[in-house]
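Once you've had a glance at the structure underneath, I'll fire off some questions.
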């Protein structure tokens, strides 16, 4: 358990709403090349193992893991796919290094959601085939139910959710990897077309194409390969029941996030998350999710996130900057690649390479991803630039 | 076997159980379409097929002439942008005589079987094959190692697809 | 490296069409595995599960849907997939969880319900082919196996009769397996006379379409010793994925398995696998694959496998029993679950608990393997007692 693991290379490509010029293979090749160059020009033959994260229905390919190796340079190498968010893929890569069998592991994910005619139909296909799907509801109804229950239990307000959108899309304006940057007003969000009330059109993050490759290495290798390793201090993931009606703490909270964070903090030896974590890149698939997740991740008490947001606490200049990159609302939603996007933005901050969005003097950051509706699965990762 | 129970569950049903309505089922099909971005290399490949030519890419490092063409060499892990025309003839690496359709239904009496094959294309590096189908040949006469040539659709009917080659026939 | 053992195992019956839902099948296997080692769900730290394509069940994010059936509720749960190799690989995935030091007890569960796919699971394999350069030809899964089988036979001058011997061997073994979906022994003639599906593949060369689930419990060394006096150790793991441009490889030899096997043997400190290994469970969705894989596993010299099979070398009482479980051909093929079934077989065989199927001579070391995707991936687990 003493084996420490660091991020030693980061590469991304795409990050556009459509990417018709490149196939997913070509897009991933570009991200992988950048990542390997970032890690000091390593040739993929020197990488021990590869992990990809994807889901078949998103790609229209059965057993999509077939198409993973070539564009990562992983032909005839150990390669596996995780049917999960790419933070789970990152966790798998981390475990592989901790076993001692592997020293350098690449992890990758991509989104080509623009190639899909109806994302919502695919999402509906994730609901129970016998007693949810026959209702023929747009799957975002689940987000509407959750949001309503969350607002009811936490006494957070519709306006506070709207302010999450305002903050994140504004932050995105100064991130070159973000495409939904905008200066939106409270009315823009609250008066936008309703989707599943109280959830409106502006509360939902927009889709994005992109590929991300992140290289992990054991302590020994990391110190050889790079001058600015970002250490993975802790990781945790958890799944609540997929049944909407039997979640232990109902739909108002996000128990999966709490369980994931508990494990990650324990591993990172973090006793007081709010004091020990400098900033966070956490899931904001829907506006209310950022508040709900902040509370579940123990960044504040239940029902406090909205008020702290109004006080400016989560702004780039606040006590705990949240989604300085723009998050999914500002940068775009990459589906299973979301988790790696959050890790990438967190790691760039810790390296001091976040450009105009750079925060001063940060040492420890939290990345958290949720798999989206209708799931109750989340993964938390604590990163630090201090060993 | 030890006394411990090792197997439990897995209650077999028959077709009749479902037909008779003894078992409840819920039916659904995914009504969703995909339009895959073909990217740089395959776009050129298909455009050339429409012109009745097969094009490959060459890696400047390992010198492999690769089919289908790719923007990068997956072994050297460098971009490759040298395009090379290859021939529309090749050698059968392996083949099958297939009596079922893609949905597992059997072909009907009198219908011709499908004849898929891996064809190593002349002009590409050793072993560079593509999957395609054979035609104008009696199934029993197909042999591994046989030379074959592409039979193209008439120009007006080509759409920029691998099916612009109708099939490969013995030379 | 932290030592990890298998301490419990459970299976459902494998059937063509199961009454149970995917969740219920998962539950049955999971519960049986937990009961077999006297654990309850509270003892489980994490769940590593596996299932092959989502299309069979017709459920997107199937891992999430299955989570509560697998005992993953409110636990770290992660689904892995490498096509047909998923079953054995899920055990590798579980090994990662425990050997990393992050968890002490991990439940590995695999499930497949192929009968959900209508009219036939085969149809869903169209979508495994390259969307642009291959699917337009309307390929079916049998094509690639037929192409590989033909190439393999041509290379060594094997006949269809030779290949059928493997089907006969495995199906005979499977008759003794309580999960098996078959009741009758078959002969070489039966295989040769069964209808041709895609020459050289005939119907009885192929394993069936099945529903089923399988589970094993993995534990770190001190915990494992506390739970059982016969832990079955995971001595080596290996896995490899080859290029997706499958038509550019020579299909006669599974080089991806060659590499995966060497990786597992290196970890297990095995130098002469054909002499040291007592039981082999190569992946056998088709009869020729069992033989093809014995070569890739370095358990049989290339091109000499049929000779050894004819000599009884691979029979249950031979020097190196092949698929004593019956394999996919003899028990059934609920894809990912079938891979775990092979691991279960090693577990029972090495503990001397395989009943009528027990391999004689006190076996010490076994290997299980699975394979999939576009004939390009293998995962290998070596176990020992």
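Think of it as A, B and C in the order they're written, each chain with its own count starting at 1.
Please note the rule applied: contacts are C-beta pairs under 8 Å (C-beta built on N, C-alpha and C of every residue); 3 or more make two chains touch, one makes a residue touch a chain.
Since we're looking at a predicted model, the values are computed, not measured.
*Asks:* Pick out whichever of the two, A-B or B-C, is joined by more C-beta pairs in contact.
*Replies:* Taking the two pairs in turn, the one with more contacts turns out to be B-C.
*Asks:* When the mean CA coordinate of each chain is compared with the mean CA coordinate of the whole protein, which chain is closest?
*Replies:* Measuring from the global C-alpha mean, the nearest chain centre belongs to C.
*Asks:* Measure off the straight-line distance from the CA centroid of subunit A to the CA centroid of subunit C, and report it in whole Å.
*Replies:* The computed centroid separation for subunit A versus subunit C comes out at 33 Å.
*Asks:* Just the number, please: Cα centre separation of subunit B and subunit C in whole Å.
*Replies:* 26
*Asks:* Hey, how far is the Cα centre of subunit A from the one of subunit B, in Å?
*Replies:* About 36 Å, centre to centre.
*Asks:* Please output the residue numbers of subunit A that touch at least 2 other chains, ranges allowed.
*Replies:* Touching at least two other chains: 57, 60, 69-70, 75, 122, 125, 129-130.
*Asks:* In subunit B, what residues contact two or more other chains?
*Replies:* 28, 30, 34, 36, 38, 42, 74
*Asks:* Any chance you could list the residues of subunit C touching two or more other chains?
*Replies:* Where subunit C meets two or more other chains at a single residue, that happens at 58, 125, 131, 243, 245.
*Asks:* What residues on subunit C touch subunit B, complex-wise?
*Replies:* Against subunit B, subunit C makes touches at 9-20, 24-25, 27-29, 31-32, 35-36, 58, 118-123, 125-126, 131-134, 136-140, 142-143, 146-148, 150-151, 154, 178-179, 181, 195-201, 211-213, 243, 245, 247-251, 344, 348, 353-356.
*Asks:* What residues on subunit A touch subunit B, complex-wise?
*Replies:* 19-27, 29, 32-33, 36, 43-45, 57, 59-60, 69-71, 73, 75, 112, 114-118, 121-122, 125, 129-130, 133-134
*Asks:* Inside the complex, what are the residues of subunit C that reach subunit A?
*Replies:* 1-2, 21, 51-55, 58-65, 67-68, 72-83, 89, 92-93, 95-97, 99-102, 124-125, 127-128, 130-131, 237-245, 255-256, 259-260, 263, 267, 372-374, 376-377
*Asks:* List the residues on subunit B that touch subunit A in their complex, please.
*Replies:* Interface residues on subunit B, with respect to subunit A: 26, 28, 30-42, 70-72, 74-75, 77, 79.
*Asks:* What does subunit B use to touch subunit C in their complex?
*Replies:* 1-2, 4-15, 17-18, 23, 27-30, 34, 36, 38, 42, 45-46, 66-68, 74, 93-105, 114, 116-118, 127-133, 139, 144, 161-163
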